[in-house]
Amino acid sequence: MTAHLLYGGAGILLFVLGVWSFLVHEALLRKVIALNVMGSGVFHLLIAIAERGSLPPDPVPHALVLTGIVVAVSATALALAMGRRLEDEDDAR
Amino acid sequence: MTVLLLLFDLVLVSTLLVLAIAALTSPEPRRAVMFFIAFGLWLALVWARLGAPDVALAEAAIGAGLGGALMLAAARRAARRQREGKVDRDGEAT
Amino acid sequence: MNFDTLLPVGIVLTSLLAGGFIFLVKEESHVLRGVLNLSGAIVKLLLVGVMIWGVYHGHVYEARWMLAPGLELVLHADALSVLFVTLSSVLWLVTTIYAIGYLEESPNRSRFFGFFSLCVSATVGIALAGNLLSFVIFYELLTLATYPLVAHRGTAEATRGAKIYLAYTMGGGVLLLTGAIWLQVLTGPVDFVQGGVLSGSAPALEGQLIAIFVLLLAGLGVKSALIPLHGWLPQSMVAPAPVSALLHAVAVVKAGAFGILRVVYDVYGVAYASSLGLLTLLGILASMTILYGSIKALSQDGLKKRLAYSTVSQVSYIALGASILGPIATVGGMVHLVHQGIMKITLFFCAGNYAETLGIHHVSQMDGVGRRMPWTTLAFSVGALGMIGIPPIAGFVTKWYLGLGAVEANAHWVLLILAASSLLNAGYFLPILYRAWFRPPPEVWPAEHIHAGRFETIGALLWPPVITAAFCLIAGLFAAAPFSPLEWVELIARREHGL
Amino acid sequence: MAAALVLLLAMAAGLVRVIVGPSAADRMMGAQLLGTMGIGVLLLLAFAFERDALTDVALIFGLLASVAAVALTRRRIGQDQD
Amino acid sequence: MLDSLALAVTVPLLAALLVTALPGRVQTLGVIGAIATALVSLQVTVQVWQHGSLRSDPGGWGAPLGLALEADGLSAALLAMAALVALAISIYATGYFREGERRLHFWPLWFLLWSALNALLLAADLFNLYVTLELLGLTAVALGALTGQREAVAANLRYLLVGLLGSMTYLLGVVLLYAAYGTLDIALTGAAIRPGPVASAALVLMTGGLALKAAIFPLHFWLPPAHANAPAPVSAVLSALVVKAAFYLILRLWLDVFGTIVTPAAAGLLGLLGAAAVIWGSWRALRAERLKLLAAYSTLAQIGYLCLFFPLLQATPEGPARDDLLAALVLMAISHGFAKAGLFLAAGLVQHSAGHDRIDELGGTAQHLPAATFSIALAGTALIGLPPSGSFIGKWILMTGAIETGQWWWILVILIGTLLAAAYMFRVLSRAFNEAPTPRRFVTQASTEVPALLLALTSAVVLGLGAQLLWRLMGFGVVA
Amino acid sequence: MDHLLMFSPLQWMSVSLILLGVFFFIAGTVGLLRLPDLFSRLHALTKADNLGLGLVILGLLPWAPDVFQALKLLLIWLLVLMAGATGAHLIAKRALRGDGEDLHSS
Amino acid sequence: MNRPAKLMIGLLLCLFALVLLWVFHAALMQSPGARLADLAMDSLPLSGVKNPVTAVLLSYRAYDTLLELAVLLAALLGIWSLGAATPGFQPAGAALAAMVSWVVPLLILTGGYLLWVGGYAPGGAFQAGALLGSAGVLLRLAGDERAGLPSERAQRRLVVAGIAVFALVGLGTMVAGIGFLTYPPGWSKWLILLIETAATVSIGVTLAAAYAGGKPRSRASDGATP
């Protein structure tokens, strides 16, 4: 029980840290990192609750996390590409 | 054994959190990204510990591969812009 | 789907469809547009004729369309609706002819006539609305359809006038809407029933019912230009003359007045409204408006402005009639719906003729105009004298019945109002007539468009006022004939008062 | 074997110190060391938990260890002369 | 045995693949794909109309383990709206994106977005909703930035980031629910849920995340620039459908998952935010300098109206009155969808013709395009809530509900909102009246003007007169 | 920890190898921390971690369930060696150029 | 943002974190009900694969995965719509080139291995695809501007292949009367492998193309693109 609370708690802390960083920082890269940390927190939480109970762990959350990682990396790639586009325009000015 | 495991978990988790905080708070973009990559790797480690090797594989592959490379590219640009004075330290456009 | 349901729908649709097609007509296709306009108007008139006959013989025409549970769109023809439908469809035909002549050569006619037709559809819908919801729907549609007409000219002044018009009517609209919804929550769907539907309401509801009445009255009072809600009317005088005619005589103010009649007679019931003390409120407001409008009219030099204030005053006779308990006053008020319509439309047509033909916009420019345009001026004189209440013109009938009704109901103060108002009417109309007939004409008219070589003005402009002036005379002279407005209104009054 | 795990962890903690501590290219090296030690931990975990799959994770760590280093040091065409 | 629910998602998906893989025939494939997608979506609606709710299990595993697609009256109604609006937008897009490059980018993303919308409306699984939300968000952002102008990219980047924040928050709520109840299926979760900290926290997190995506006041800041700077057909779909989808989810969750644990205070809070949105959005729309910005702010206000339903739904016991409220809510959402799409499409025409969309300088332009102007007017009717539009009926029932539950203060909000809406719409429309002559023909470019006109006409007339069909579709009380 | 006493000689060997590997890791870390300049740190690091990992892998080899797994272990070591070398090479090259753009700032 | 506001946000978030921790604790305390784990394990023999995570991804919740691939495609299309790719990297030096020539084949090999092993042990399409993508990244870093990818036309076909196979299998089973994405017994293993293979290629190409940060620049020989 303690271990789950430990890992789950870490997930929640990661999420909150991400939110904090997202709100406080302006730069795109930092926001993107913040979002990824947030996402990692949620995924971490999922994996922590999957491990609850006896082995083997619940595969459903694992699959969800896999899907989530793909989604997160897609969004990150798009966001960074858009950011680059903006910077290019600024540089061209 | 359980005590050791608990200690192990504690170190694992606290390192993870420290890495996250480092990634989130360092103002220099490339440093932040490197911390973030390290964080990703560490996360994979933790997930491997938690019995989720599938996910650990994916996180390692993405975190160190595409995700890291993408962010490093962005960080390099951000660092150049910071140096050129186009943005201030927080990244806000001047 | 039988004839009885199709007839009211058809009456609304004739102008609606005509309007829809007119929008699509190319700007330069005058003939096609004219044909559409007139055929719509004539078909509608024929259908209305059938309806008059049927309703007189106690036939029920009703169409219902379910919008949502508890919300029904009802078109229902009773005697009162037929009165208003007839008025608006007759005057639509006349006004259309007039407008075709008036707008010759001006731009954007397809748009104008499209909205013009929509406006008539909305008015007819108001007349035929069988419940409060339907009434509200058509009432708002009327606002929408008239806005483009007021703004039609597109000048800064027109836009401003339209904005003011919209602000008032929208404000009134939401109050009416609130009142209608509140009432529906209390009583369920509010169908218009002769004699009213609320008379048996629980005493506990009285307070709410009074509040609702105030809301409804505020909403309706805007369009019927009760003070202090009349501000838009003089401002919207910037519209072209046929529009002013329509606003003042047929559609907008009449819709408000008609709504007041509906609420007093067919929702609350005149006896119940009186017992709640609501009629006194209405009577006071109406009287104040009558006097205020007349006094303001005295000092206006702009001809259309003067007519506008006169409208403010005259329309309140209808409300005044409704506020007096008793069938005779009812007759006086309701018949004025028609009488004021035909008289005021005559006056506006004439004012438009003066403006279009000679460029006259102000009373002070009217010296000797009777010699240049005798027929127009004659029609104007009939309308003006009727407004003052000189027999045998229609306006006299109104005042006579109002006076009788007041005596019957022991409301003697109404007589004072009537007398004062007639004096004031004379005060602002007689000088015009004096100038027109007895002062010498100026050397040059302000802006003569149609030159003296031609008689008066073009036919499409001349005939409509002459015809409506004739109506004024006929309605007064043959007031007792079958199917005259008075006769018809007495039929309504008998039904409303359960006699 | 648990003893080995604890030892590795102690080092990991030390590593964090490294990463936070000096500044410059050593951070890069620190990350590399971290990667290598991560591999070590994974392998030991695989052994301790008897889950061979963790070796695959370690393999990927190894394969991709270079990518970050390369990505950090490479330059684009058109940027300053090499 | 064809599974119409799965088809409604896969057909647009396949269309997206085709237009991606065969860029040479993008226009033809686009039109064919749009028609096919609209048909399969409407097929779902027709089936719901005939047989009531539908459910299917892709994979054949069934609820807790597998996931399910489900269509009830609510989703079927929105699905039909999405189909018609999107079809109109597709036809408009054939005229709007003429040149090669942008057309090439538009169609694949467009079909992916459509697919995401359908998937979202049909999803019966909390995590599946997250995936559809993200698909919707990414495609919407990419489409919104399609003009390539700096403001558009910047605004949509912000939209992307905010959207991600929202969906992560939503996901955290899902995870908590899964931790406590061990299921992701909406119906099963709804059945298992008990009042307590977990349920409340999940409610707050999920609603909060979705509120960010639905631009519920005060989380709306990202919407106006993103919607106002996108290409016209994209703005139309963003305002009409994408924001609605997030709102739909809030509604779905409150009804089906959190139905038993929502407190009047929570519903009242949402209502309060809605009220603020109505007034603030309308006010900003009135002050807006650009037509598309006006439309975007008006979207805020319209979402606000929808929020006003929550406290009333909460206070009304099960029964016909509650059904009416629910149907009215959907009716308003649908009317607004059609109206806003029509408005944006028409605004796009005006902008294209004038080269800008500054309201004060639109004088002649609005008049040169009678069909577009007329569309704006009709859409305006629905946005203001004037009869005979669907939103009029929605508003009537909303006000009825407010009086019946004794929460009369919402009426004031509605009235003020109505007047403000009239003010901002007529501010635009009055530009159409000036002394310049209108062109000879009513419609000048059929492929773009007719879709706008039809959308606006649907919102202003058809939905009002045909509103009872919605009750029938949603399975509420037999219409007498 | 009495089960430690029951270890076979092979087990003892691998445990010692692993412990030795761990020791090299620690040494590498300390080196990274302590050594004065970049290049000596680089040197210490690469030697330490390559050797450390090698020893650990060597210690684990006897426990690999099949040949395939054992090959995989060796492959990992090979990869790390290569990545370490290339990485160090790149870093050194970049640092030697000393343009200050990348690696010394902040 | 000024300092008090930041502090305020921080404090609020601390509170938020505490509440969430408490809630999480409560969630753990709550009886977990029927967990999906047992169900997933019990159904494993029917799914055709032995790795439970793969079973969830490609059988139980295959529809999720289909949409997830669509998300990936959407991101790539979005990136392409933003303009041309970033400039490539300077050509690799000898050491790097040597390493790349070793690591890239290994990456691809490992990818294939993970794909194959995914049926009965950890691994699968996404991990394999990510490795392929990383190979592309590495190639691009080593100076290949196209990241080892073919022409734009071919890229377009490759990136849609995964979803196309996935969706067509789903439609096929639907037309066959078993239901959307419901694999007939006995076929499931091979159908899953087919889908996974196509998905791996698509994911790899998509990730590598996404790293390029824009539409592939046409090589000089490709002729003019507007």
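Here the chain labels run A, B, C, D, E, F and G in written order, and each chain numbers its own residues starting at 1.
Basically, contacts are C-beta pairs under 8 Å (C-beta built on N, C-alpha and C of every residue); 3 or more make two chains touch, one makes a residue touch a chain.
For clarity, every value in this text was computed on a predicted model and none was experimentally measured.
Using the contact definition given at the top, which chains are in touch with both chain C and chain G?
E
If you average the Cα atoms per chain, which one ends up farthest from chain B?
When every chain centre is compared against chain B, the largest gap points to C.
Let me check something: if the centre of a chain is the mean of its CA atoms, which chain is farthest from chain E?
Max centre-to-centre separation from chain E belongs to F.
Once you count every C-beta pair in contact for both, which comes out on top, C-E or D-G?
C-E
Centre of all protein Cα atoms: which chain's centre is nearest to it?
Going by the distance between chain centres and the overall C-alpha centre, it is E.
Which integer distance in Å separates the CA centroid of chain A from that of chain D?
Chain A and chain D have C-alpha centres separated by 20 Å.
Compute the distance, rounded to whole Å, between the mean C-alpha positions of chain E and chain G.
Chain centroid spacing, chain E to chain G, equals 30 Å.
Just curious, how far off is chain G from chain A if you go by their C-alpha centres, in Å?
16
Please compute the C-alpha centroid of chain B, do the same for chain D, then give the distance between them in whole Å.
12
In chain C, which residues are in touch with two or more of the other chains?
Residue numbers touching two or more other chains: none in chain C.
Among the residues of chain D, which ones contact at least 2 other chains?
10, 23, 28, 35, 52-53, 56, 59-61, 63-67, 70-72
Considering chain B alone, which of its residues make contact with at least two other chains?
Residues 5, 30-31, 51, 53-55, 57-58, 61-62, 64-66, 69-70, 73 of chain B touch two or more partner chains.
Please output the residues of chain C touching chain E within their complex, sorted ascending.
The contact residues of chain C facing chain E are 23-24, 26-28, 65-71, 73, 107-108, 110-111, 133, 136-138, 140-141, 143-144, 147-148, 151-155, 158-159, 162-163, 166-167, 170-171, 173-174, 177-178, 181-182, 184-185.
Quick check: in the complex, which residue numbers of chain D touch chain F?
1, 4, 7-8, 10-11, 14-15, 17-18, 21, 23-26, 28-30, 32-33, 35-37, 39-40, 43-44, 47, 52, 55-56, 58-59, 61-63, 65-66, 69-70, 72-73, 80
Please give the residue numbers of chain A that touch chain B in the complex, ascending.
The contact residues of chain A facing chain B are 2-3, 6-7, 10, 13-14, 17-18, 20-21, 25-30, 32-34, 36-37, 40, 43-44, 47-48, 50-51, 55-57, 62, 65-66, 69, 73, 76-77, 80, 83-84, 87, 90.
Going by the contact rule at the top, pick out the chain E residues touching chain G in the complex.
Those residues of chain E that touch chain G are 1-3, 6-7, 9-10, 13-14, 16-17, 20-21, 23, 56-61, 64-67, 69, 100-102, 105, 108-109, 112, 115-116, 119, 125, 127-128, 131-132, 134-135, 138-139, 141-142, 145-146, 148, 153, 176, 179-183, 192, 196-198, 201.
Show me the residue ranges of chain D that touch chain B in the complex, using the header's touch definition.
Interface residues on chain D, with respect to chain B: 2-3, 5-6, 9-10, 12-13, 16, 19-20, 23, 27-28, 31, 34-35, 38, 41-42, 45, 49, 51, 53-54, 56-57, 60-61, 64-65, 67-68, 71-72.
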